[in-house]
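Look for subunit A in each of the two complexes below; its partner is subunit B in the first and subunit C in the second.
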Partner chain A sequence: MNRAQKIARFNLIVILTALILSVTAVGIFFFAFDVPIQGALGGFGFMGIFGFTGLSPFLYKKETGKVSFDERDLLIQRKAYLGAYAIFWVLFVLGAMIPFFILGPKGTISVRYLPAMVFGGWFVVLLIQSIVTLEEYGWRDKGEKA
Partner chain B sequence: MNRYQKLAWFNLIVITAALVITTAGVIVEIRWRGYSTIAPWFFVVILLLLKLKPFLFRKPQSEGGVVCDERDSFITQRAISFAYKNFWIVFIISSLVVHIFVGPKNSVPTITLPLMAIGGALFMQIMCSASILVQYGWGNKGKIL
Partner chain C sequence: MNQTKEVSWFYFVLGLACFLIPGSVAVFIAYDRGISFAPVLMFTGIVIWGGLFWLFPFICDKLGKRKKKVTFDERDQLIHKKAVMAAYVVLWLYFVAACVIAWCIVGPHGSISVNVMPLTLLGGLVIFTLAQGLATMIQYGQRDIGEKS
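== the complex of A and B ==
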């Protein structure tokens, strides 16, 4: 497995862990403990685990003195990147238009929605990028080396 | 000048014209009536010109005619990724600036969100077009694809 695959796999594991724990926590708070939905959404605090994705370049360092990246890797990286941003863009427009249509043009929305959009966008980009990278190289070890 | 350069020039000219004419219209209307309702529609109408691109800059129709080669797709992909990177930076900064200035417990009008989407799309278009022109060159160098 090469470096890009390892990073993508690590990111995917972290993202899915954060998502599963968050949704489970919200569900438990809301259904098992009858916490109101505003309070139950605090379960999304587990999304903080997502920050561990920032460690991937340090955990999987480039090997010095070796060629770790060729044209094929660049093509795959670019494909993953463009795929991720294409999906992000659709979700970004939906995220911008849906509250506008639901609340109406004279409505207001909490300013917290804007950083949430940034965070959600980053989440989607990294998730799709990891999936496309693994889909392109293969999900399992095929003897790929950097 | 090749097709991509022409498209990039067209994008930049239309977007700049939309911004300049709308701003001038809003200023004139506010001075004249004290409020502006007509001029913002200039922006929408001028931007609709972007929809004419497929008719104005047609792909070569001849059989076996080459539309683009590896270099062209490399340049366009690089331009798109450059535009996305810059969009992302502006998106994060603008969201945080609004959050800080308005205050975390306050609200913003819902119209902010579609404006963000439109602004983002225009910003991407400008960045992508400028990047294409920087990579190919701003002028005509005899490329005819």
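== the complex of A and C ==
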């Protein structure tokens, strides 16, 4: 497995762990402890685990004196970015238009919705990018080296 | 002007037609009958289509493989990809800036009108198109330098 694959795999594991723990926590608070939904949404605090994705470049460092990134890697990286941003665009449009559909033209939304959109966008971009990278290289180790 | 540039112009005109005609119809419906589900859905469709219009050259290239004449080669594809990437980077920065600026203006407990969201989208679409066009022009060169297909 090369460096890009390892980073994508690490990011995917972190993202899915954060998502599963958050959804489970919200579900447990709401259904098992009868916490009101506003309080139960505090379970999304587990999304903080997502911050560990920032560590991936440090965990998988470039090997000095070796070419670890060639034209094929660049092509795969570009494909992953483009795929991620294309999905992001569709979700961005839906995220902006759904409140309009639900509340009507005279409705208002809390300004907290906007940072949530930024966070959601970042989450989606990183998730799709990791999936596309692993899909392009292959999910399993096929003896590829940097 | 080489054929790629001519094709780019064609895409540009086609893109305008694809956005202007349904956009005008949506505005007309909204003006005539008030804002309802149909024009808003139309607007959403146009904005999604507009943001993904960069896929069009790749689709045309795949469909036009059987033709003998090459109009969109690897270099054009690379330039197009780079331009789209640059446009997405600018779009992301704009999106984050728009959200943070709204937060700063209204304050953490404030609220904003839902009409701000479609306007943000429109701004995003304009910025994306501008950034992509600018990146393409910079990469090809702004003037005709005798390139041929």
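One rule holds for everything that comes next: the second predicted complex is superposed on the first by the 146 of 146 C-alpha atoms of A that agree within 3 Å, B and C clash if a C-alpha of one lies under 4 Å from a C-alpha of the other, contacts with A are read in each partner's own complex, and residues count from 1 in each chain.
Here, a contact is a pair of C-beta atoms (placed from the backbone, for glycine too) under 8 Å apart; a residue touches a chain by one contact, two chains touch by 3 or more.
Because the structure is predicted, anything quoted here is derived from the model rather than measured.
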item: When subunit B and subunit C are modelled together on subunit A, clash or fit; value: clash
item: Touched partner set for A:R72, first subunit B, second subunit C, both or neither; value: neither
item: Touching partner for A:V90 - first (subunit B), second (subunit C), both, neither; value: second
item: First (subunit B), second (subunit C), both or neither touched by A:F100; value: both
item: Which superposed partner A:K62 touches (first subunit B, second subunit C, both, neither); value: neither
item: Footprint overlap on subunit A, comparing subunit B with subunit C; value: 78, 81-82, 85, 92-93, 96-97, 99-100, 103-112, 114-115, 117-118, 121
item: Subunit B-facing residues of subunit A, complex; value: 78, 81-82, 85, 92-93, 95-97, 99-100, 103-115, 117-118, 121
item: Subunit A to subunit C touching residues, read off their complex; value: 78, 81-82, 85-86, 88-90, 92-94, 96-97, 99-101, 103-112, 114-115, 117-118, 121, 125
item: Residue ranges of subunit C in contact with subunit A within the complex; value: 35, 37, 40, 43-44, 47-48, 51-52, 55, 81, 84-85, 88, 91-92, 95-96, 98-100, 102-103, 106-115, 117-118, 120-121, 124
item: Subunit B residues within the subunit A interface of the complex; value: 77, 80-81, 84, 88, 91-92, 95-96, 98-99, 102-104, 106-114, 116-117, 120
